[in-house]
Structures are given as C-alpha cells and as structure tokens.
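Chain nomenclature is as follows: A, B and C, assigned in order of appearance, with residue numbering initiated at 1 for each chain independently.
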C-alpha cells in the first residue's frame, strides 16, 4: 500500500489552485469591454449612415411628409450645425438627440417608453414557452434519432423554421379571428386590448391575455422550431460520448443515463445558443407585432419605416442592437459560470 | 464453480453486407482470485468479448453461446436483473481518457453514483474517501473535475469506481495503453495488488504481451475472433507455441517507445478484416510455417493451441 | 495532365451523385427546386405580360378560387396564380443574386481572415463579429431606408447583412486547412499569399462553401420575403413577400380571403424547405465527420 501512496505523491499535481478573483475580473472586464466597443460602432454607424447620402439631409428626413414651417425650421437648425457637434449631441443621449420623431412629433424616448412593456410581455412569454416546449421536443427527438417521434417532430420543426412568421400570423388570424374552413373566429383581430376596457382590473388582464393568444402562439411556434433543432443536434452529438457507456455499465436505466448525464452536458451549448438567437427573436417580433397591430417596439419600427421617420428608426435600431449585444454578453458570462471546465 | 465462464461465445454485428463475426466461439474460464490476460492486436475481438460480460454491446450485435457469471447466464438474464448485476457483481475498468468520465460532474459524485444506485454502503462519502485512498489519491480530490486530473490520476479514478460496489470480477480493458511508461507500471501494480488483496477475479485485456506476462496467472491469445493459444502466463511468454504468439512474444518492447509494441517482429501483413476472414486457419496468410492443409480445414483448440503444425 | 484531373473530377462527381440519389430528403428537396426553377424560367414565355397590369385586370376583386381563376383574385382583380408564377422568378432571382453577393464577400473575408495574421486580419474578424451580433432585420431596415426601395438595393442590403455567417465558417476551415503540412511545403517552395489562398485553401474550402451556400439561399429567400412584406423592395415587382404585403395592406385578412394569403406563403415554405433539405443532404455527404442531421 505504501508503494501506492508513494506513487500518488510522486506524480506531478496538475490541479491548479483556485483562481484568485483578479483573473476572473480580467476575463469579465475583457468581455464587457468588447461589448462596449461593439456598441460604440453601432452608435457611430447609426449616426453617420444617414449623413452619408449626397444632397440635402433634410430631404431624407422629410421624404413624403408634410411638415409645417416651424418644424422645418427647427429641423434645418439642428441639421445645419457642424457634423462633429451633431455627433457629440447624439452620443451624449442617443435617445434624445434634440430631433423629435418626425411622424409623431414627440420625443423619441417617450414613444419608446410607451411601447416597451407590450413587447416585453409578448416576447417574454413566447420565449419562455418556446424554450420549455422546444427543449423537451429536442431531447426526445435527439435521444432516439430516426425514431417515429424524431422523424415527425423534425419534419414539423423544419417546416416551421422555413415559414415566414408573419404569414403564419396572418393565416392564424384568418382562421381563428375571422373564421374560415368551418372554424369560428373567436379571437380579436388585433391590438392589445379592446378599446374601453380598464387594464388595471383582473378582467382587463384577461382581455389582454385574450388578445395575446394568437400573436404569442405565432411567435412560440417559430421560436420553438429553432430551439428544438438546436437541442436535438446537441444531444445527438453528446450521445457519442464514452462516459455514457460507463454510466450504462454501472447499471443505470436508459432514461437516467439520458437525464443525469447526457442532457446536462447537451443543455450547456443549447442555452447559450438560445441567448445568442435573440437577433432572430427580434426579427420575428417586428413582423408579428405589425400583423397583429400589437402596440410594441416592433410595430413602432414598422410605423417608423413607413414614414420614413428617421429619428425613430435610428432609436429602435439602437435599442434592438443594445438588447442583442447584452444578450450575447450574458451568454458568454453564463457559459463561463456554468461550465466547470471554463470555471477553472 | 468458476467465477466467470465463456462457453462458445459468438458475437456477430449486423451490417448491410451481412453478419460480421467479431467473436467466433470463445470458451474460457476465470476462477476466483485469478488474473486472466487476453492478448491480441486491434480487431481480434478481445474488447468485444469483454463487453459481453455486462451485455454492453450495441443493438446490432447478435450474441450466441453462454456467458456464466457465478453460474448464471448473463446473456439470457432479464433486463432488471442485468442492471442489478452490472457493477455490483462485475465491473469494468475503462481506459481513463478525458471523455470516459462525465466532464461536468465531480469525480466524487461519479464514484458515488453506483454506490447510491446499488445501495452498497450507508455512508457514501466515507466509502468514496476510502476508495480514493485505496487507489492512492487524497480524499480531497473527490471535488475535482475530470479535466483537472492527469491521465494517471483519471485511471486511478476509474479503478476506484470499479471497486465501488465490491464486485467479484473486474474486467480491465486496456487500462494502461494511453499512459506514460512509468505511470503504467504504477497503475498495473495498483490494480493487481488490489485484486489480490480483495480476493477478486480479473480479466486483463491488452495488446502488450509484456504487460500481461508479468501480471497475469494465465493468458489467452486471440486472433480473428478466436482463441489461438492459452496457458500459464510465463509459459506463454517464455515458450510460445502458436506461430502468432511467437511473433507477439518476439517483439521486445523498447522502453519509452510505445510504437514498437504494436509491430510483432517480422510478421508481414495485417490482421484480417472481420468481414473477410480467410478459410481454414485464419492466420495462414501471415504464417511462416503454413502448409496446404491450413487453408482448408478449420482448426480446433487442442491442448491449449489452435495449430496443426504444433505437436501434441 | 489536365485530362487526368478532369476524369478524376468526373468520376468523383459520379460517386457523389450516386450517394446523393439515395438521400431521400435531399432528393425531395431537389425535385421541388427543379419544379420552381422551371416555373420561373417558363413564366415569361407562357404568361402574357398583361396578367401583371393592374389596369387590364378584369376579375372580381377578392374573388375566391374558381375555374377561370384557380387561385382567386387579388385586390385589383388580377389572377393570383399568374402573379404567383411571376413572383417565383423574382423571389428566386433575388435569392440567388443576394446569396452570390453574400457568399463572395463571406468566402473572401473568411479566407483572408484565416490566412493572414496581424492587424488586417483582426479588422476582418472584428467586422465579421460585428455583423454577426447586430440583429438582421433592424439593420436591413435601416440600410434599405437609406438606399431606397428597388430590387437592386434589396440584393445589396441582403448581401451585406448575410455574409458574416459564411465568413466565420470559412475562416475556421481555413485555419484548420493551413495547419496541414502541404501548405507549409508550398510556402517553402515559394508560393505567395495569393497562390496559397486560391490554389490550396479555396479548393479545399469549396465543398463546405457549397453546402453553406444552399443553406444561405434558404435564409436569404426568407429575408427577401420579409423585407418585401415590409415594403422595402420594388413596389411593382410581385414577389411573394410583396404579394403578402398587398394582402395585408388591402385588408385581405379581415375579409377572410385566405386564397390571397395561403398560396404565396406555401410557395415560400416549399422553396425554403427544399433548399434546407438539399443543404443538409450536402452537409451529410461532404462532411467527413458524418454527423447525423
């Protein structure tokens, strides 16, 4: 036995001592810095893109709109300042650069403030539902590839993934709101609440919920297609790993091998990818809110682009970019926390 | 009553071109407290044979014959009984490669898993600590993750895991192949020492006849899915009878050069692809003393040797 | 010399085709694609230009399917099935053109970013990462608004917003290819950067590019449909997305005119699905790691 202990002592010890927080801060700081640089480029891009075109910038701001003399004069004053001064004004507060929304004639941040909560409500619900259902489908399909469940679910999710989300929304509206093919139209055609209903009462909330069913279903179906395909691919890769054979040799049932060993490992990249697909989520939100007249940031973007309302367009682009950059940052940090291989 | 008995075990893999025979009728015995070595090159069927002990083969494998563990046939066991037998009566020491262990679970949890599953100890943490000490690792390592350990340490963890439920039989499948030479010696000593101290039986699989010669009681040499020679370990090593065993034993390993072990001295060609085994004696295309008879009739195992050119 | 290489390439293609033929999903996708390409090619030949002219439309507005109008009429009374056939041309043309733009930029950037070290490569990688992070639709909307609504601008906008995924993939592949010994040997023999990139890296990267291109077309067509729906494409071109925009803006939804909404969407789903199936089949065949998809 002493031979063994000698052997253990004699071997070089590869365990690194737990990292002092200094290095953790450095990694986190590095990632945050990169996020800021990305954001800086967005701000610069946002500002200069609209100034790049030859000719009078006023033309772009007032394309197709009839502004009264006072608004025009104000716009001209703002746009006549030297470019650098305009840029600095913009950077100081990108959501209130002194130029109002040309379509609504109100400060941009006011409009955004109004429309944030409906979007968060709709997207939040859809993402949570899609994650739960999508991951469940992905696990069942990925654990037994080629099975009937796998073939059916993969075929369905691939089809959903190939669908324009706004088209799905329109079809759901026709069938379930207007009524077609024998199905009665039970759901509202659009909006977030029936006019006149007080949203601070429980009855009001039910009314909002009733309005939310169709748009949320549309988004959930589209998102869960993406999530389930990702989870499935991740689990299929994980199935090949050797430690699963070891788990089986120990006497674990197939379900336990899947749940206790394969899924936790396969879930790591899936969760990260879900965070990283916020860009995809945002794209869906814009078109679906438009179809259902859901008064959120997506509809605001659509209204802005119809103008075109340049200040509003810039603001929504900036806001969406911030959201996605933050989500990416969170994904990187989350992975570093959860995966023990990265932690040490 | 032997601990382990292979009775004419055959394994065929289903494939698009028909069944591929990986194991073609193996009969072997392992007694309690005995160490049996199985030697052979890659593809001879030794790892497949080892996997039959706990029925760990993939679904497209068809197993024939009988495999008796304590006189009960594992191959016809009900699924539930098999799961209770796994690890508690016989356990496998896998190669300690990085992905042979779950990368996101601590090694303590992984060692504890079979203990909790088979309920073989009341104080699981104490048992894990005891096992770690038995293999020469400090108990504090229980919280480490696999990537934090060296190759040798991971192999020790594999051994500790195999011993967790105090099985009667250990099957060690190439436990030292991926390790440095010095670490190899340490791990082998550890393994054989524990087996003897705890009175278990062991099947040790390796392509390295030198490793087997010094640690086993008996050796069986496999080629193309069959046993071609068996006997006492030192006999096989010093006085091999079958031409293939002679070639294997003739390869003197050079210290520090693992590649040298793979090539038997002066043996042309490669082992046959299992789907395309030559008629008669499977070894005849490479055999230095083959005659016409060797290409036609299949050869039986006589006095521990499967060769018509070796006198009784 | 070159005939030996040509023979080998022909034989390789023959082997590839035999393998591909057995892939059921891939074949299904290919058949669908061939159908739509035929429709796109034959449309201007078989369908009179008058079908697109709003002033010459003589059907009832928002009429359901009938013998004369198999898929009903739009908000101006034009026959939808003819519009749909014309739309195939536009959607496929824009899809393929924009994909070409994205693939050329993406492959060039990817190979250069993988081959060169130093500040130039850092800039390329940084640009790739930036375009990967920024959400597609908001960026495309901003670009399209600045450039103005036209088919050419649509192709440019989609090309600019879609090249980054390819670039990242190609760069990773380039890095792994350049680790192989024959690249070092060619450098020792005096091969310059251009020669290495075009004669050694590019041919090895091409199979990956092919599979990736097919999958990119799928995404690009969805993007084109979305942008046209939002009104950012040529308002006169009846691409499928533009048809859906017409349907939405003219109130087809509240009228329950499902024949206006269902067919363009189904066409999009079929074409995108077809490209996806073909792309996944190509990945399966060309990826030596053989991951089941």
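Of note:
Convention: contacts are C-beta pairs under 8 Å (C-beta built on N, C-alpha and C of every residue); 3 or more make two chains touch, one makes a residue touch a chain.
Worth saying up front: this structure is predicted, and the values here are computed from it rather than measured.
The chains other than chain B, kept where they are, remain one piece by touching. The greatest number of inter-chain C-beta pairs in contact is found between A-C.
If you average the Cα atoms of chain B and of chain C, the two centres end up 53 Å apart. As a whole-number value, the distance joining the C-alpha centres of chain A and chain C reads 23 Å. Within the complex formed with chain C, the chain A residues making contact are 38, 41-42, 46, 49-50, 52-53, 60, 145, 158-159, 161-164, 166-168, 170-171, 173-175, 178-181, 189, 233, 236-237, 278-280, 282-283, 286-287, 290-291, 301-302, 305-306, 308, 310, 313-314, 316-317, 320-321, 324-325, 328. Interface residues of chain C facing chain A in the complex, by the touch rule stated above, are 129-130, 133-139, 141-143, 145-146, 218, 222, 225-226, 229-232, 241, 244, 247-248, 253-258, 261-262, 264-265, 268-269, 272-273, 276-277, 291-293. Put simply, chain B touches chain A in their complex at residues 54, 56, 83-88, 91-92, 94, 97, 99-105, 113-114, 117-118, 134-138, 141, 144-145, 147-150, 152-153, 156, 161, 183, 186, 189-190, 193. Of all residues in chain A, only 1, 3-5, 7-8, 11-12, 14-16, 241-243, 245-253, 261, 264-265, 268, 339-341, 344 touch chain B in the complex they form.
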